[in-house]
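As written, the chain order gives the labels A, B and C, with residue 1 at the start of each chain.
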Amino acid sequence: MVDWQIDLIKVIFIWVWALLIAVVMTWVERRASAMMQDRLGPNRAGPFGLLQPLADGIKLFTKEDIIPEKARKILFVLGPPLFALPAFSAYAVVPFGDKIVLGGKEIILQVSDVNIGFLYVLALGAIGVYGMVIGGWASNSKYSILGGLRATAQLISYEVPMGLALLTIVLLYGTFSLREMVLLQQGTFLGFLPNWGIFKQPLGFIIFLVAAYAEANRVPFDLPECESELVTGYHTEYGSMRLGLYLFGEYVNLGTLAAITVCLFFGGWSLPYVDMSKFLGPVSYGIASFMVFFLKQAFFLFLFVWVRWTVPRFRYDQLMGLGWKALIPLGLVNLFVTALLVQLTI
Amino acid sequence: MAREIETVCITTGPAEVGDYVTLNIGPIHPAMHGTLRVITKTDGETIISAEPEIGYLHRGVEKLGENLTYKQFLPLTDRLNYCSAICNNVAYELAVEKALGIEVPEKAQLIRTIMMELARIADHEVLVGILGVDLGALTPFFYLIIQREEIYEIFEWHHGARLTNSMGTIGGVEADLPDRFHQKWPKMRDTIRKANDETDRLLTHNRIWMDRTIGVNAFCADDALNWGFTGPMLRACGVKRDLRKDEPYLMYDQFDFEVPTGKHGDVFDRYMIRMLEMEESIKIIDQAYAMYQKLPEDAPLMKKVPKIIKPPEGQIYHAIESPNGELGFFIKSDGTDKPYRIKIRPPCYMVYQAFGELVQGEMISDLIACLSSINVIAGELDR
Amino acid sequence: MPRRPVVKKEYTLGERVYLVEITKGLGLTWKHFVFNIKASFRKGPHTVPTCWQYPEDRREIAPIFRGAHMLMLNDKGQELCVGCGMCARACPAKCITVKRGKRAEGEEDKYAGKTYCASFEIDMLRCIFCGNCENACPKGALVLGPGYELAEYDMESCIYNKDKLLANYHEAKAEGKLKPPKKPVPVEAPPAPPKKAAAKKAAGEKGKAAPKKEAKQAKKDEKGKKPAK
């Protein structure tokens, strides 16, 4: 196989994978929330209601596509794809496995190992905001605008602590490439702890996780679309598959953030204390590493759901307060201490 | 009425001048319970002024009452505060009985008390659950609503309906406590407590919840009294006023229970008071049930009343402590079988008129929290 | 300009740091999650506290449930209704229309009384299921039954006629969901003379008519009690 063919297969695979995660997540969200709330959740469509997302998709596709008369039509149409596409694109740099050897050819399980992969992720996260803001603005509805405004302020504010938390990781590993970061997390330190980011940067991890929740618009940070106040915020006026794209993009976003968390703080595809490549064949090792990565990602995806159904929602000013008064100073201190330690140890 | 006002009040809030955005919240909005509408002027997220508009659920219950006999009006009272229909029924029955000058037998009083306190628990459970939902925590709602369903089952086995109960009749109650109650109550007491405890664990000490509720819509006791607040809203402000204690009706003077009060009248106090009141209600039911069990099995349930009820000419007002506050029925009788005038004093009407003042200077999110915490029931508000 | 109490927020350290309480909350939801996952695999209806899988599993409803109306027959299969229209008068929603008919010769095995209802219509769109009609019926002929699936495709079929009401009865009987005979409500013993006078005063004296009515009613009550004995 030629290189571009392999790349194409990888691209298709990652698309399908991202889509599949998003689809399954809609089901998991419903079923898991139901289980936490003493309910059953959707269980009629297919076994365990697994076909429910499909039914939802069909419903959304067949609904009437309404564009409000006074909406800015071009922007209104542009909003949803602008929100969903960056989320997909971020998957490009996620190393979802180590490598697989097929026909004597070593294939890296990552669409492209960009050496600034990590900045790419941040940049795409920033673009995703435009989808919400444009959608909120173009709808010409006060609720939508409020949702859009909240989204802007929230996402921009929380990119700062996220960036700070990520900077410490960069300092620690001395690289921007996600793949190299994962490779550096193999083995142990201090004799017993796995060499994972979380053990080296616990505070950074917490800051990153909180910021990730804010970036993903999940409860307790779902202010841009909080149902009880702004109806559904920036996508109040959307219907049919445009709304579907927004909802879908949110889950894709979750998948991305979970993947990044795993890569940065949980050693990516590597297992602690065990080197799988030693006793697994080249092909099975590739698959196994992917599975390990997926399981770790699945845990974080579940955590997103789990937290959502446990905590109440912040208020707008409290959210800002938490971001600017707590997370950013903490992030700065963390950065400073890390820099000092790195400087001293080198 | 004991007044324990120790809080310091200061005047706050922005001036009402400038160019502001008018935001219509409701009548169709996820958080507007029923069909309420608030016209707000906002500066960003801050509310400069809020004007509640009512009447979207006006059904003319009071006018309807003038063309119905006294017994026929009873089912209509279900539709006032539909979260605790039994309290409305009993309030109306008590008012008519007062007009007739009769007192129902002891057993009927105890059954009414038990059912009313169950309704109070159900009402508070809905309120606390909805408050959680509006503040983004959906899960406690389900833990609480299951308990409400259990309570509704008792209602169903007692008089055949779950929501619009139409319990009892003028002169007593029609049925003895059902077997379901005897079987279920000992267990239910614990499950209600467990559900409350779980809600408590999920919310009360959670900082997000505390930030969202403590100090939000705080209200002065003086203002609250001037506006005519009653019930949990007034008690949250620190005024110990409970009609069950202050002007006892039925057999409430024989029960031993506390009246929890708050201090600042903020959302957190209102929430805590309702949580504590559920506990007190359980205590009352226990005591009433103990008294009930001492009575003979064939003790009378009804007082003899004429088939066609014609209270003597005159007017009467009787109020009870409904879960929301003072629920009063004013009945003017002209001696015929239909009331000349029925006026209902719903507790949330008095609270809702102060809504503009309650939320002024707060944020949109607080408006939603405030609305949920004052428990405005449109059926009761608009009548 | 509202006056507001000054509220001091006093948080403990555990509360100040969000994560402690959130972790506790996560533990609680996890407990429910595990419990319900286990429960959902159990066989049988209603394994999870909230859910009933409705069309297949149904809640047990109370025998005295106030649902769709039905016209009762007695043991001999005779219609109990005499078409007196008491129910129509008692109805607060005014949704009942009754026409009385006289029993003809040879119809004795069909109707219990000398008169019967020639037509009986209940407008279920107006009905509020209060049960006043049931209480008003002197013969126990109109009863609110166990049916609660009342959705129809058009408005005409929401007006229940006599056939439908009788069909409701047969359905309920076939399912064994007929109400148990009503227990007589123990009414407080006839008041002592001085009390009675007071009650009369309160009820407003209406000349001669009132005591007569009361006497009649007392008789009726006694009648009502008899079958139970």
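Keep in mind that, in the parts below, a residue touches a chain if its C-beta (ideal position, glycine included) is under 8 Å from a C-beta of that chain, and two chains touch if they have at least 3 such contacts.
Since this is a predicted model, take the numbers as computed values, not measurements.
Q: Measuring from CA centroids, which chain ends up nearest the centre of the complete protein set?
A: B
Q: Could you pull out the chain whose C-alpha mean position is farthest off from that of chain B?
A: A
Q: Counting only Cα atoms for the centres, state how far chain A is from chain B in Å.
A: Chain A and chain B have C-alpha centres separated by 45 Å.
Q: Can you compute the centre-to-centre distance for chain A and chain C, using the mean CA position of each chain? Integer Å is fine.
A: The separation of the two C-alpha centroids amounts to 54 Å.
Q: What's the distance between the Cα centroids of chain B and chain C, rounded to whole Å?
A: 24
Q: Name the residues of chain A that each touch 2 or more other chains.
A: 36-39, 309-311
Q: When you check chain B against every other chain, which residues touch at least two of them?
A: Counting only residues that touch two or more other chains, chain B contributes 139, 142-143, 146, 202, 206, 208.
Q: Could you pull out the residues of chain C that touch at least 2 other chains?
A: Each of 22, 25, 28-29, 32, 49-50 in chain C touches at least two other chains.
Q: For chain B, which residues are in contact with chain A within the complex?
A: Going by the criterion above, the answer is residues 21, 23, 29-31, 45, 132-139, 141-143, 146, 202-203, 206, 208-209, 211-212, 363-366, 368.
Q: Okay, in this complex, where on chain C does chain B touch?
A: 1-7, 9, 11, 14-18, 21-22, 24-25, 28-29, 32, 49-50, 61-62, 64-66, 90-92, 128-132, 135, 144, 183, 185-191, 198-199, 201-204, 206, 210, 213-214, 217
Q: Okay, in this complex, where on chain B does chain C touch?
A: Of all residues in chain B, those touching chain C are 7-13, 68, 71-76, 78, 100-102, 105, 139, 142-143, 145-146, 149, 153, 156-157, 159-161, 164, 166, 169, 172, 174-176, 178, 180, 198, 201-202, 205-208, 210, 214-215, 218-220, 223, 263-266, 298-304, 306-308, 310-313, 335, 357-358, 360-361.
Q: So in the complex, which bits of chain C are touching chain A?
A: 19, 22, 25-26, 28-30, 32-33, 36-37, 40, 48-51, 53
Q: Enumerate the contact residues on chain A facing chain C in the complex.
A: Going by the criterion above, the answer is residues 32, 34-40, 206, 306-307, 309-311.
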